[in-house]
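Paired with subunit B in one complex and with subunit C in the other, subunit A is shared by the two complexes that follow.
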Partner chain A sequence: MPKFWRKVFLIYLKDLKDEFRTTDHLLSTLVFGTMLVFVFSFALQLVEIGTAQVFPAVLWVSIFFMAILALQRSFAKEQDNGALDALLLASGDRSILFYAKFLFSLTVLLLLEVVVVPLLWIFIDVAGAKANLWFFLGAVFLGSWGLAAVGTLLNGITVQLPGARLLFPILLFPILIPLLLGAILCTQGALVGEIKAVSGWMYLLVIYDLLFTILPLLLFDYVLEG
Partner chain B sequence: MAVKDVLVVKELQKQLGHKQILKNISFQAVTGDLLVITGPNGAGKTTLLRILAGLLPKSGGEVLWNGAELALDHGRVGYISHQPMLYANLTVQENLRFFGEMYGTMGAERVQELLELVGLWLYRLEMVSVLSRGMQQRLAIARALMADPTLILYDEPFTSLDADGREILRQVFEQHRDRSIQLAITHEPQHFAGLTYRHLGLDGGRVVERGYTHA
Partner chain C sequence: MKHGLKSPLFWILTLIMLVNIYVIAFYAPVEKTMGIVQKVFYFHVASAWVGLLALCVVFAASVLYLWKRSERTNNLALASAEIGTVFISCTLLTGPLWAYPIWNTWWTWDPRLTTTLVLWFMYVAYIALQGGSATESRKRLAAVYGIICVVNVPLVFFSTRWWRSIHPVVVTSEGMALTPKMKVAMFLSVGVFSLLYVYLLNIRLKSLDLEQRVKRLKAELFA
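On to the complex of A and B.
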């Protein structure tokens, strides 16, 4: 395995070990996601509206809020005890950190979704007779990929700034608008079985994800300077 | 005789906003040198060390490592800060193994050797979070040495160390003379008594004093 990816993998494994040893943050994010599911499901029972129309928006609002909590953790844990400096020295190439943190964030996000998405599906009682499950899973995966990539990049930019916790979601949201729009429309298309109508949005998700996965290779050297 | 590494700092400047932190700092060091840097708070000592580590970009001047511009990946840098720079939720051994694997100097023997050196072998399975601050600092020393460094930067390394810990650190200074350039920031130069070292005094971002102390 090339040295670059070996280091990415080592940091990724270290982060997973660290995260699962103290599951308080993961659990609190999961509890938050579950609460969102209940709040949305109760609220939607009060109105007469087609679940296939409302489910995608509710799903991505839930994922977005969980992502804000989950993604901030990846670099914050390096700030404790000043470990970020030691990690930068050991990794040599700053973009190694991006890819390790991106993979970690994506893993955490997908783990949270494994619980929250089925819960939301059940509680909102989605009529999924015509649903294309693979297209749905593809949309969720690509949306999560983009969230993790942009979130990791912005987290790297803001982590050393004062007020990072406030800045992060403020900067994150406008950059994510095309991704969220595409993810919502693809999810909706998957639910009603009309995937041809939204295939263009699926391509946009792929391009968006590739862009924000490759861009940090050029940018990350400057991101963590300071 | 082993080839000596050469660190040349020439007219080094660092500006943060409107404030000039470092003003034309110049010095040289070769393998074997222990350079003790003193100065009041805000003199620019930590900024200097962070630039030498490659963690902070300089605003002007040159920092040359064996004639080439210094960068984060120029070689093996051991950095000991007043913060332990460790992972609290990993054990003592896991911390060292992780950094060893990152540096490619992984080896159970090396981990044991360093933990014995800093007196933490018996604590190898303890979480870093339960260690005292002084023990964390000892582990930080072992972590920095895991890199098998050619340049070791110490920022207030005696922080929180007890008498035994201070003696261990003095041993580290001596043991790494033949293979490293060592730069140490301190407010307590008395801890270096009995060691041969060069002295650089900083104030207001300038070098105001140079000296040499022979053991």
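On to the complex of A and C.
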């Protein structure tokens, strides 16, 4: 088992190194994310809606859209020169590849959120006096975890189909609905400081995350076959 | 087996459907408070049932495909998903017809409504994934996605139910909130719609089969 995780870690490091060598994709995604956040906050400002109440919804919809770009990257970078086959040969186990790509996607997503989430917080002018920051961060982390897990699994599917880039969000969003629900309610509860009332939703997030982190062990062999 | 107007099955099914419509219209009593609009219930429930039945078939066929890799199981999954989409669409269209006069709104975010809509989206995504050239990898990946969708359905349902529910629960563990005549009409509808599903599935399987045969023959001819 340690050998398994060592291989996961090595591929993960390789991906990170590769990503920071040419930061254009990461930067474009970041710019897209900040723009999303700006457009949403600005649009809500125009209709003079109680913006602080819509913060959880806007936050997660922005993260979802940003994730479409961020998560498509994990397998797409292995498309040229048969890199995917080489990686499979080198690692010997398909689930190693899944977990490495999952960790990579999660890291990228969290890095993007470090910028985008505070920005949205400022734009929307959240009254965070009663907010439970740790619970909020926990919700963001668990939400991103599930997003990265499902995204990596489905990206493994769409990357093999030529001209199927558009399919990725179409496949992704219906599967993410329970996550969206749990994440938004947790975020809302964290903001008003009533975490007791929403702690059940945190469990839902944990169950969802575990399910879609373990399910690929069974399914990912079929995804990357052949 | 004969097809179309020549098929005896077609005429038998047509006859049963006419009987079903008669039972719904005249045999089942008019609901006291909701009135005539309650009749849509028989179509609504039956198509929702077929939508779920079709999903189970998609799941079973997907698992079988990953196991056996036969073209027939993939055809079964695809055909079932296509027909399931049609029936789920019927459910989503008949629901608002009833909901507007009774709930005074076309749509509400009730667990069943939400789950049905998500199910519809997953069906469409599944068909989109199967679409285009039917290569081996497409079939395999679609089968994986079919399994993911089925795993997701209970998650969606229970999370949204936890959140809120106003949908009338007609069938509970304690029995059904229906008069005996209504029950007859409902079960008949469910049965007839299931038969319709099997009939349509058969036709679609046949057409997929022919499609693939034509493709094979073409390949042989131009080889």
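Assume the second predicted complex is superposed on the first by the 222 of 226 C-alpha atoms of A that agree within 3 Å, B and C clash if a C-alpha of one lies under 4 Å from a C-alpha of the other, contacts with A are read in each partner's own complex, and residues count from 1 in each chain.
Operating definition for what follows: contacts are C-beta pairs under 8 Å (C-beta built on N, C-alpha and C of every residue); 3 or more make two chains touch, one makes a residue touch a chain.
If you're wondering where the values come from, they're calculated on a predicted model, not measured in any experiment.
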Touched partner set for A:Q160, first subunit B, second subunit C, both or neither: second
Contacts of A:V223 with subunit B and subunit C, given as first, second, both or neither: second
Subunit B versus subunit C as contact partner of A:P118, first or second or both or neither: neither
Touching partner for A:I175 - first (subunit B), second (subunit C), both, neither: second
Shared contact residues on subunit A - subunit B and subunit C: 225-226
In the complex, subunit A residues that touch subunit C: 153-154, 157, 160-161, 164, 167, 170-171, 173-175, 177-178, 181-182, 185, 200, 204, 208, 211, 215, 219, 222-223, 225-226
Subunit A-touching residues of subunit B, taken from the complex the two chains share: 50, 53-57, 72-73, 77, 79, 81, 83-90, 94, 98-99, 101-104, 136, 143, 147
Subunit A contact footprint on subunit C (complex, rising order): 66, 114, 118, 121-122, 124-125, 128-129, 132, 136-138, 140-141, 143-145, 147-149, 151-152, 155-156, 159-160, 162-163
Contact set on subunit A toward subunit B in their complex: 3, 7, 10-11, 14, 17-18, 21-22, 77, 80-83, 85-94, 225-226
